[in-house]
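Here come two complexes built around chain A, the first alongside chain B, the second alongside chain C.
Then we have the complex of A and B:
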């Protein structure tokens, strides 16, 4: 069936092969490789029951379509969630069920072709796997899961985005063991730099704990935070310091990157990266994995450490939860008079819709932000930033993310008239900053702890008020 | 004619009902078996409360109404009520059930039955129109989707006409035979078409369970395809 649609569309203007760069575009015998990979996946994993159930009952009603931020803008039938998922379901029906086999042999049906594999390689990366459509499907068909499964099979057939592959390879098999190729000495430098910054701005002398054994918290953030988000990191550090937990946490030098692109396209990578994190926490004998501000990193750790390492093996906590605890136990104080701008909050799909973090950041923000506005919709039904599912890490998808996938988000932000958009996620922040530039939105994007950093009072150091006065003085001077 | 009607109502019905029952039981057993043998312990880690509440939210989908899907959702919701209530609780069917299964069910009043049947027919027509007229639905719809709607429509329509001699263009017994045979065709089709969602929908909703991936599977897939020393 899917082939029929393809043929119908043969006259339609051809679009670029894929939005993104495939690492090895010249793979041969794609159909055969895809089927082999599919067979191996079916054999060793649990997806069969799900595929059987989806194949037997897929309603294809079109109900969920309106909820997809990609289709809303593109209006391309190929961006309809059930259309995309059906490409994979059709291959399953045809090649892995008795009915499909019979039909093909009696009715002279179709078989998987290289062109159809190309079509899947394109289409499975035109979805941000945000799972918003799942909320609107009466049957609960999970297109995020199917998209991801399609990508997984493609990657096992040797077809995967170059940007993701290169990063994961460095993280799992390279020297530096992280996705940004940040060598350990550079990490040490960064931590020293952060300590100096904090000494100057917060008025406290401190040294970042590296490789300290037996601490309560092993801290892992997206490695990009070390390179590009010093305020997020200093916000994290300020909370730990102000709460009196400075000697209860550590960073590990062997593995400090919580990024897990496996969540976007491969069970194999997902599990290996999780095991790396757990291994590092074990090496340091850390009590709890404390995950920095990052949607997909938090979700992958929280959801998959229990799955892959065993239930109760190692507790996982997101830094947002930790900060909220500190506020509610009155272990830190945030000055409510510092942040006077209008602030809105973007829910990262991975922790809001696919996770457990909706109210916590709002409780934090409401505790010190004077003018907080919500986007419509927000929380679990929030729109994806348009860069989810790994797309934001593929620079070549920029135009599509700006014009198509992120358009709805940009309008949503504009409508709030907020001056600050808070997004506690490395991926979302990158995409939103690009959106703000591209659509010329009158606001700034920052992490949750960037804002916390502005308002936090540092016991034994400078209060938020003091710092604000100093900054004002410096500005007039 | 009486003879044919008896045959259709009796042994043929028993046969189709049995095929449907077995076909649906197979679906359920395969699902349960797949989940229990494959997922095992991990079943306990799934967010069951969230699954239950999202499933329940669709029982009466008022929380899911918005402008772009209003007509389709309403038609679909009302259709499902009619499609369950009429076949089971219509007076003539209740008599059939008590003969077959020995259970006595309360019967719908005549007026209510008429209304509900008519409503169901209208809803099917609305759903057909929706598929024809909305670009997004048209892009998804295949011939089999219309086929299924047709399969559902005929027994309702013929049943309604058989019960209303003034509207019925055919002799009563012909219409009745059409009604019974088309209903039996529908029963037969249930396990083999997307109508299987009558039993599979709770399993469709288990995606959160399927996110509980199988430990070690990734390594085994990679080893099977690229050998033990597989690289990223």
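Then we have the complex of A and C:
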């Protein structure tokens, strides 16, 4: 059935425009390049066993339609997760199995065309890689993994979103070694600015530790935090200071970006970015990788440092886990009378459904937020923000993310009647802030540590109550 | 590569209208790009933001943290959105001739 659909699509005269910019759109001999890339991936990786297993089951039952928030809105059959997976499985069956080869040579078969490669390039990026469909598949097919494999092969054939490629190239080959091209002097200037802000608001004079060797924690956040999220960073710093750990952490000047877009489209880049991260920790002789608020960065570090770091492996901890430990060990105090707004929590897919962080942020929030409300559903069955899988960094996908991929999320947030949506992820925050504007939702989006920053008492500095009183006074003045 | 033309100004831009060669920026170019950002006529307040961004970019090679932009110009974030409807990163930085921000920005 799927083969017939593929052939029809190949003959279709008009094709919906690809959602994203491709750096070199005029790649020639796409089908040949795709098959060569596919062959190389099968030769050098373990994906063959996985594809054989998936081909032996099915990818056509369609149970996954109920779980996909893209399909729920678009109603486009191309957005059904198993339809998408079957595109790649069909190419595998035809070109990389004996049965497929025989069938093609006896007659009635088909061969991969450039048009089918274009079709895959469209469809594999109409998915937020949230992996919610894996909850439904009765055969245990991981459609998110197949989508990533499809994107990986496409990228090896020269087809990948420009936004991801440009960022990763700068991170691995550029002078700044980070995805936002933030040079070291700008990092230093930003850290000085944050220290001034903290001195003003929290009443403590601090210097951010840069390149300090032999510290317990090497801190890596999404580099975009240094441009966009001062309260998240100051919240992180406030916890470290209040817990008495100010002399136990450091930022590295040679690599301070935890973003790993390889997770979204290329195992080859994923591995190299992980090795860069570990290399910086090793240079600093840091004990543990402490990863800031970011879903995919936390997941890629936690799950792939053990895979790729070899003998340089070191423990990985999410900042959320660190803060919860500080609260439960009573090393920091959060004032429960400061945050009185209704607060809800958005689970980033990469650390909830695909990870290990579901209860920890809720325990943090419940320890100081009076009015906490859950979304429905939440936790491992949460809906994606609608910008996952790297889509949020492609501005050109904005309208689609607002109208299609993020619509279910927008309705879900509205239903909570929350005033504050907490999302501990750079990707999710950007998408959710855009959703709030676009759908005119009556709430604000912030990081988890932005809220912690409001409630934390600073030993030797100002208490949360004192800061709140001062702010109230300033507002009436 | 697309070319953006407005009056006497003709510059190479990327798909989103950001300058491909930021060193070709001048005040006339800024005024021309501003027309694509829903800004008709740059006021003194616009120039305050643009000049700060431009100076910071020339010194550090990147845009400043948005909080720092607000603090140094004395404009709150919603005021910056009033001046540049697509916001500081996409609107104001484009007018100031900065390259398109990359990564999760």
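Definition applied: the second predicted complex is superposed on the first by the 458 of 477 C-alpha atoms of A that agree within 3 Å, B and C clash if a C-alpha of one lies under 4 Å from a C-alpha of the other, contacts with A are read in each partner's own complex, and residues count from 1 in each chain.
The rule is short, and it goes like this: a contact is a pair of C-beta atoms (placed from the backbone, for glycine too) under 8 Å apart; a residue touches a chain by one contact, two chains touch by 3 or more.
Since we're looking at a predicted model, the values are computed, not measured.
Student: Return fit or clash for chain B versus chain C, each positioned on chain A through the superposition.
Tutor: fit
Student: Identify the partner contact of A:366: answer first if only chain B is touched, second if only chain C is, both if each is, neither if none is.
Tutor: neither
Student: May I ask you to decide whether A:331 touches chain B, chain C, both, or neither, giving the answer as first, second, both or neither?
Tutor: Neither partner.
Student: Have a look at where A:66 lands relative to chain B and chain C in the superposition and call it first, second, both or neither.
Tutor: Only chain B; A:66 stays clear of chain C.
Student: So which one touches more of the residues on chain A, chain B or chain C?
Tutor: The partner making contact with more of chain A's residues is B.
Student: So, does A:142 touch the first partner chain B, the second partner chain C, both, or neither?
Tutor: In the superposed model, A:142 contacts chain B only, not chain C.
Student: Enter the shortest inter-chain Cα distance between chain B and chain C once the structures share a common frame, rounded to whole Å.
Tutor: It is 15 Å, taken between the nearest C-alpha atoms.
Student: Kindly list the residues of chain A that each of chain B and chain C touches, one partner per complex.
Tutor: none
Student: Okay, in this complex, where on chain C does chain A touch?
Tutor: Of all residues in chain C, those touching chain A are 15-16, 60-68, 89-90, 101-105.
Student: What part of chain B is in contact with chain A in the complex they form?
Tutor: It is residues 27, 30-31, 34-35, 38-39, 41-42, 45, 54-55, 58, 61, 64, 66, 68-69, 72-73, 76, 131, 134-137, 139-142, 145, 194, 196-197, 200-201, 203-207, 210-222, 224-225, 231-232 of chain B that touch chain A.
Student: Give every residue of chain A touching chain C within the complex, in rising order.
Tutor: 21, 162-163, 166-167, 170, 176, 178-183, 185-186, 189-190, 193, 197, 222-224, 226-228, 230, 257, 259, 392-393, 395-396, 426-427, 430
Student: Quick check on the complex: what are the chain A residues that touch chain B?
Tutor: So the residues of chain A touching chain B come out as 1, 36-37, 40-41, 43-50, 52-54, 56-63, 65-66, 71, 75, 77, 80, 82-83, 86, 134-136, 138-142, 145, 156, 165, 168-169, 172-173, 266-272, 303-304, 306-308, 311.
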